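Chain nomenclature is as follows: A, B, C and D, assigned in order of appearance, with residue numbering initiated at 1 for each chain independently.
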Amino acid sequence: MKIGRSFATLGLFFWAFITLFPLYWVVVTAFKAPPAVNGGPTYLPWIDFDPTLQAWRDIASGLRGNFVGTVTHSTLIGVTASVLATAFGSMAAYALVRFPFRVKLGSGLIFFAIAMGGYLVLLNYGGLSRSNSMLIAFSAALVVAVLVNRMHLPGPIMGNEDIVFWFVSQRMFPPVVVAFALFLMYSELGKSGLTMIDTFWGMTLVYVAFSLPIVVWLMRDFFAALPIEVEEAALVENVPSWRIFVDIVLPMSTPGLAATFMITLAFVWNEFLFALFLTNSKWQTLPILVAGQNSQRGDEWWAVSAAVMFAIVPMIVMAAILGRLMRSGLMLGAIK
Amino acid sequence: MTNISIRNLSKSYGDVVVIPGINLEIRDKEFVVLVGPSGCGKTTTLRMIAGLEEVSGGEIWFGERDVTNLRAGLRNTSMVFQNYALYPHMTVAQNIGYGMKVRKVPKPEIDKAVRKAAQILDLEAYLERRPKNLSGGQRQRVAIGRAIVRDPDIFLFDEPLSNLDAKLRIEMRSEIKALHRRLQTTIVYVTHDQVEAMTMADRVVVMRDGNIEQSDDPITLYEKPANIFVASFIGAPSMNFLEGTITSGEGGAQFQTTDGVTIALPANKWADAAGRPVVLGIRPEHATESSPTKTVVTMLVKSVEPLGPHTLINGTVAGAKFTAQMPAGTSFEPGESAEIHINLDKAHLFDGASELAIR
Amino acid sequence: MRSLLQKLALGTASVALSAGMASAACEPNYEGVKLTYITQTGPYIASAIVTAAESWSAQTCGTVEVVEYPWSELYPKFVTSLTTSAANFDGMAFPPAWAPDFTSFLSEMPAAMRQGPDWEDIHPTYRDRLMVWNGKVLSQTMDGDLHALTYRIDLFEDPKEMADFKAKYGYDLAPPKDWKEYLEIAEFFTRPDDNLWGTAEAYRRGGQQFWFFFSHAASYTNHPDHPGAMFFDPDTMDAQINNPGWVRALEEYVESSKFAPPGSLNFSFGEVNAAVSGGQVAMSIGWGDTGVISADPKQSKIAGNVGSDVLPGSTDIWNATTNEWSNYDEIVRSPFMAFGGWQAAVPEFSSNKEASWHFIQHLTSPAISGKAAVTGGTGVNPYRFSHANNKELWADLFTPREAEEYLAAQVNSLDAKNVALDMRLPAYFSYTEILEIELSKALAGDVSAKEALDTVAAEWNSLTDELGRDSQLAAYRSAMGL
Amino acid sequence: MIVLAMAIFPLIYSLSISFMHYRLIPPMPPRFNGLDNYAKILGQARFWSVIYTTSVIVIFSVFLQYVIGFAVATALNAKIRGSSVFRVLLLMPMLIAPVAVALIARMILNPVIGPLDQFLTMFGFPDLPFLSNKNWAMGSLIAVEVWQWTPFVILLMLAGLQTLPRDVYEAATLENASKWRQFWDITFPMLLPISVAIIFIRIIESFKIMDTVFVMTGGGPGIATETLTLFAYQEGFKKFNLGYTSALSFLFLIFIIVIGVIFLAIVKPYVEKRS
């Protein structure tokens, strides 16, 4: 027992070292002068190199891009998108956990066929713009599919599990293509008067849409683990569903919400490809700037490190705050 | 004024029929306990009454209201759950007052109701605590308090005491009973503990496999069980059963067990049951050191349980498991034979095939 | 800052601009005009634009916002923005190699800018060749780029090294004149025990690798009598890249990697600079940045010892028309205009074309660009005569000897009769990707030089067919100034 | 509704152009060419090479992530002093952008200025070709993936471990089962369902690995470390060969689904045996 524990501690320290050393390296490198980097590895400030704030001064002076702006954008978009995604995703997940859905495979296929066929026909023969043809085809497909779903259809019926799988499978599609298609869609919307590219809501929406699958997937498990009696107690008291969700379910799943929010925010905060294509000057985000430090003229590690720290530190602060929430033993008193 | 009328109520999940169809009338202010082994459908029935479970067939009426398809919140019931189901993030006071808050009752009124409930349940000192800082009994009281302030037409209890320790359970039993006397509300109470059922109920409904086996007041249930199942379920220790047939011989009818032990029956008793397989049921308290009917069987003793007021001896009679309740101080060694006197006046006879009581 | 600029301005030929700057605000008046410029993430190039934007703002009251994208994502950003007209930017800074994909979306430089002393001051290699597309000037060079040699004076002029070298190879140790000498010197200085290696080049796929290879190849394939025949046959558009000149170049390029520091197969230009300024290599080839970085004591361990020279040459050049080697008595230098610098251009859909061109004029004026050229971190290398002629400008950066060699290497390369132009073609990335993959395989030793280049040639030809041979040929001829 | 549109439009759009010859550079009008794109891709050695590369990276890295993550989570769960601090610290890598992680890795693995080389040189292994030799480069990529995503496994496995009932272990301890046996007989089987979910997510996400490869090796040497998404990226965003890229993406999707379904099919019997 004792041996096992010290063994585990040793292993933990080993892994912690592996985890933390690269981060330590980033921190010290951010305070190195170029010769201290290029001349071979140096480890300890003041002992084998003289720390300098040059990299930070460069950042502060704006020499390496607009850090203040991008951090602000990233924060605004990240927090909003994560809040919305966690909110919507939780609702969807809750619905998927507590209410059985039955979608007929046939109607799903019909939806897809009409949406795709309609889009192609309207685009190529109807002479409509991409956004219009998509909008029309999409609405038509939705209406038909809902109607069809009420009729008797041969073929398998998809339950909640299948819907969740479908949700998650969205994440399987390579982001490269998705980013380009979204860019096209946004630029078409822009031509028809609705500016989406390089706007706050344009970015936020994209991130909400693409965070949802993960939120649903994670929150579903958390909700499924909640004692249903607590909700039933409220149900018997004639509490409306939305209030049960807001007043009771959400507070009870705080740890799960915190974890999910954190994962979502990390995803949005670090997302690169969508941000690259869908922003220009007004809403550029931090990852673009950080990636840009890896310049064509060579890696200026001191600058890269400082920029990376800029991106990491807020996440760590947030992780520490949310980590507290995640450990709360709130559930203990609910049952038993 | 709320009586509950359950008509042909059935429930199935897909192809699995849980409740084939039951009828039950519950009078206003009656304390009805649904009891039965786990999986008998009692909780499902309760949840259908509460509206938490959809009805597959049949109707439920509360007084003049058909509530069959009414959603739970509109039935004006209160439910106390086995696991308490407290809102973990709310204080005791908030837990109790939450329903009223949702109904937009003015705050002073909520406070008043909460305080009153707390007073009834002796919770005043804990109003600002969170559930996780309460003991099991206190949590249960909060759950009940939450149900009280609702001022419901019907109280529903779903095995509310099963997570409490024995002593607390007995305490809470009488508290709930007292509550019923005080509030005069119809109560439907589910438990698997027949003692709980017997001690609390105005009427006990014994269920098995989704059917109501018997529905009577506790004494009737005890004295006149309708069938073998009820007879064995009610009463502790459980009733002894001997299988056999009744034959008419010289000196009257006698009961003959399958492996040949013969018990003489009082004159004219059960004579009309002669010739078919029957089961003789004797409660342990009617198998003791002496009996008015002077019927004696031999028991092979396997174990002895001195309980204080009396001593139980377990063993077999005619190959069947048998428990007898002997006076305190009786001593037997396992392996010995004991002479047991059976009070046949208190014995029950059941039809071997239909398992129904023969009276 | 201000006074420095003025001093600089006085020292240069630009009279008109300095006068404009000194006089009252808003001339010409672009008040309320906001220009958006897109380029790579700073400081390189971007900081030059930002700095110029400040002085331009002071002069014209207009504002310039610089939007920066990572280098590797800049091209897709431009393509998507231009082809869908989705973005509303007024100017862009990009490498000339991409220009063929952009030209149909760019506006022509105003005629007024194409005359006068400032115009004549731009080196003709840029002015008349890289800035011109189909006879139109569509972009303005804002940075000169070419490959040159950097070497360590302290090693090359160390008496002991010189004696040892002479004893071993039979000739004097000096900056290599041809690639054989280059390899021998590299071999000589490769001493892993002393943490010293012969040379460093970029060998990493996606790390500017092929430009270094081209620098080798230019010496053997850029035939003086057949200009523009280096990459493709300018009549048939057949790929030339597998001819014996190219094969020889690749063999030597692969050979050079053996005298480079460990892990060099993953070197981008950045690692090359780090290796040079960290004192790990005796010499290297690359862009002018190497010299600037290595001479900066704050960034370098070899400051004060940075020598520069034109790239090595060759006496043998493959003649693709006759399919034989042409032999020359003297070594012919074919300095390679690798990358070709950064250019600024104004897209046709910009609503502020006039102001935007005015800003480009300001940005590339001798005064502003002269200052940028000697400011570390701007990434701006000389492209005007005035940049190179004014040696005082460089005194802050280099020792006199360093400055002299550095500028000489730059100017002599540009002035070289047989200067080799970089490849410019529509669908540039499709061509270079094929090349990069095969180069990597050859460097890793998976395939021979000949096999690698045969594969490249075959795939280039089929790519050309897919894209349309006639249109590609026309574009290629235009890029090569034919 | 909007969300649905955003999720579905890219799918529809790319499916439609995957049957076309469509290049943005040089501008060429889209031309329907049926299954040509698909046929061309399937006939390309490079495609199979990237499939192989990606699969190797995914299989090894997810396996290691799971093993290490499980071990660390178990250790953290053992109420070791300071484990709450560890919990936050150990999660950090997954919060960092992959681009940044790759940059850090390049810094650490740099043969000249990186600390790892110096460290290994002390043990007599100088100048290991971390990123320039095919096998080493694959190893390095896998190591970086493991470094970044093991925390994800730790986080979720820890959550899973905390749901396990204590009394089962007490019962096992009374039966004198060793810790090792307890792990294999109780912990592992009881966490199998969540393990499957975690591995499944990691497989899906790992197949999309791009930034790391792009920054660390650029797919080199040759195409030895090129992954599917990097290949798609090169085709899509460098060459703007859109029809081809879309077809590639759909093959990619099919491939992932096949892998995912195979994985689920393999583990299903084991999971069901438990529940």
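Throughout what follows, a contact is a pair of C-beta atoms (placed from the backbone, for glycine too) under 8 Å apart; a residue touches a chain by one contact, two chains touch by 3 or more.
Note that the coordinates shown come from a computational prediction; the quantities given were computed from them, not determined experimentally.
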Note, CA centroid farthest from chain A's centroid sits on chain B
Closest chain to the protein's overall Cα mean, using per-chain Cα means, please. A
Applying the contact rule given earlier, which two chains have the most C-beta pairs between them? A-D
Please work out the Cα centroid separation of chain A and chain D, and write it as a whole number of Å. 17
So how far apart, in whole Å, are chain B and chain C when each is placed at the average of its C-alpha atoms? 93
Report the inter-centroid distance (CA atoms only) between chain A and chain C in whole Å. 40
Using mean CA coordinates as chain centres, what's the gap between chain A and chain B in Å? 53
Can you tell me which residues of chain C touch two or more of the remaining chains? 72-73, 76, 80, 271, 274-275, 278
Among the residues of chain D, which are close enough to touch at least two other chains? 112-113, 117, 237
Quick one: which residues in chain A touch 2 or more of the other chains? 37-40, 180, 184, 291, 293-294, 299
Among all the chains shown, which pairs meet the touch rule set out at the top? A-B, A-C, A-D, C-D
If we count contacts the way the header does, which residues on chain D are in touch with chain A in the complex? 1-3, 5-16, 68, 71-72, 74-76, 78, 80-81, 83-84, 86-100, 103-108, 112-115, 117-118, 147, 150-151, 155, 159, 163, 179, 197, 201, 204-205, 207-208, 210-211, 215, 228-229, 232-233, 236-237, 242, 245-246, 249, 252-253, 256-257, 260
For a test of understanding, state which residues of chain D touch chain C in their complex under the given definition. 23-28, 110-113, 117, 126-127, 129-134, 214, 217-224, 234, 237-241
What residues on chain A touch chain D, complex-wise? 1, 4-5, 8-9, 11-12, 15-16, 18-20, 22-23, 25-26, 29, 37-41, 43, 88, 112, 115-116, 119-120, 134-135, 138, 142, 168-178, 180-182, 184-185, 205-206, 208-210, 212, 217, 221, 225, 259, 262, 266, 269-270, 272, 287, 290-291, 293-294, 299, 301, 304-305, 308, 311-312, 315-316, 319-320, 323, 327
Help me check something: in the complex, which residues belonging to chain A touch chain B? 227, 229-230, 232-240, 243, 247-248, 251-252, 254, 329-336
Of all residues in chain B, which touch chain A in the complex? 50-52, 71-79, 81-89, 98-99, 102-103, 130-134, 136, 139, 143, 146, 150, 156, 163
